[in-house]
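Each of the two complexes below includes chain A, the first together with chain B, the second together with chain C.
Our next item is the complex of A and B:
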């Protein structure tokens, strides 16, 4: 009984933190969207890449704490793309960022992320 | 009148570069009277310093942090002889990192997406147990063997590195911490032969010492159950 009560307290506490942290989380998403746009327009700046990596890393770490497991995994995918590819694929990046927004907003993704062989 | 004194809350240091994560952890800890936050660090170096300054009972340590990564911070804390009990709080972790963390003195691992398990994990560690894979474990040797068994070998993996059956056997002994003499006795061969096998194994898998080989074998499933 105590365990159940405490579980509810933890859940409520985390919900409160998520409500408070949501603007910051969406600000991180905006950083990723901005960098994806820079990639598209060919104006990507190395400093912005570092900021995007940090945003993706932090989102992948924090979103799972609030039950957004799929969003956390998506952010981890973005982090991997940014960290391990010298030239991140523009279309893949745009698709992942769009998917992340959908997951964070709680709406199902509307578009399939294209694979390289689809392009 | 008999007075009952409440046990003192255990002091917890939170080390994570993300303020949202720190806030979430703090809020979880605030739901229990058994724990109180002793401080927060936003990088590994600061975590090492705050452990020395505040003497926490428990350290929640992120794996990937700027400055000094979590495992390096843990190495520094252990080297300094701090008595803090450390739990890694991370987004993802490999078996190899778990084993390395245990070798460095970590008492548990909690994934961030399972932060609801934080309180039971802290309670288990305060009782002297370990917390790995969402459960408490009292015997760390058994735990390491379980982790190794979970990465049981497949013929395909062994063949990828071109190990012979005998070499695979020797790798298993290495992961159990056996010395050359023990291996020689168990297999009824000379120590010289064991050394020759080890040289071949090191060359095949690209490792240069026994610890590296043991960790590599466990992570890549080269060891026998």
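Our next item is the complex of A and C:
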């Protein structure tokens, strides 16, 4: 019984946190989309690269807590591309950022939290 | 006899991580959790509250996790507090962080339902899951 009560409380807490952190997560996604667009147009600024790296790092570290595992992995891929490539591939970056948006918009938060009967 | 409630200090500049970790550790693990948003705040909280353990993010602006860990280990009143590092880049950092005095490593993103168990496993503490199993075996205890 205790496990079930805790499950409900944790899920409620996660949903509450996600509610106010969702806009910030999408703002970080917008940072990545902006940088991908700068790459495409050849106007990428080093400061914007640092901001994009930080945005990808934050998303990879936090989205998984809310059950958005695939989105978290995708953000980690973006972070790796930005960190390890002096000139990130435009097509790869654009594809990953598009995929990240689809994953963030398509997966319900806290989907990873098991059902009560699994506890 | 009721055991003393343990206190954990979570130091992370990401508000989401602080809030989810706090909810998870309190609700699942039954810990008392205090949270700090920077290395500097974390050092002050650690000296004042003397938590049983600290969960410390590696990548933070200003005073990062490595520098915070170094200061915690240098100060006599916090040197003995076990510190678990929280990082997304575990492969590259593991041995180095353990060498600097970290008690263990937690990987981001963590699973909120299992964070407490991971902390207990690293620190060799009995987890709430262990207690539940014990209670199921012997409900009178």
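Convention: the second predicted complex is superposed on the first by the 106 of 119 C-alpha atoms of A that agree within 3 Å, B and C clash if a C-alpha of one lies under 4 Å from a C-alpha of the other, contacts with A are read in each partner's own complex, and residues count from 1 in each chain.
To be clear about the criterion, contacts are C-beta pairs under 8 Å (C-beta built on N, C-alpha and C of every residue); 3 or more make two chains touch, one makes a residue touch a chain.
On a predicted model such as this, the values are computed, not experimentally measured, just so you know.
> Output check: A:21 vs chain B and chain C. Expected answer is one of first, second, both, neither. What do you get?
both
> For A:45 in the superposed arrangement: first (chain B), second (chain C), both or neither?
Neither partner.
> Give one of first, second, both or neither to describe whether A:6 is in contact with chain B, with chain C, with both, or with none.
both
> With the two complexes superposed on chain A, say which partner A:60 touches: chain B (first), chain C (second), both, or neither.
In the superposed model, A:60 contacts both chain B and chain C.
> Across the two complexes, what residues of chain A are contacted by chain B and by chain C?
6-7, 9-10, 13-14, 17, 21, 24, 57-58, 60-62, 64-66, 69, 72, 76
> Given the complex with chain A, which residues does chain B contribute to the contact?
16-21, 23-24, 27-28, 30-32, 62, 64, 90-92, 111-113, 115-116, 118-119
> Where on chain A does chain C make contact in their complex?
2-3, 6-7, 9-10, 13-14, 17, 21, 24, 57-58, 60-66, 69, 72, 76, 79, 112-114
> For chain C, which residues count as touching chain A in their complex?
Residue positions touching the partner: 14-17, 19-20, 23-24, 27-28, 59, 88, 108-113, 132.
> Flag every residue of chain A that touches chain B in the complex, lowest number first.
Answer in residue numbers: 6-7, 9-11, 13-14, 16-17, 20-21, 24-25, 57-58, 60-62, 64-66, 69, 72, 76.
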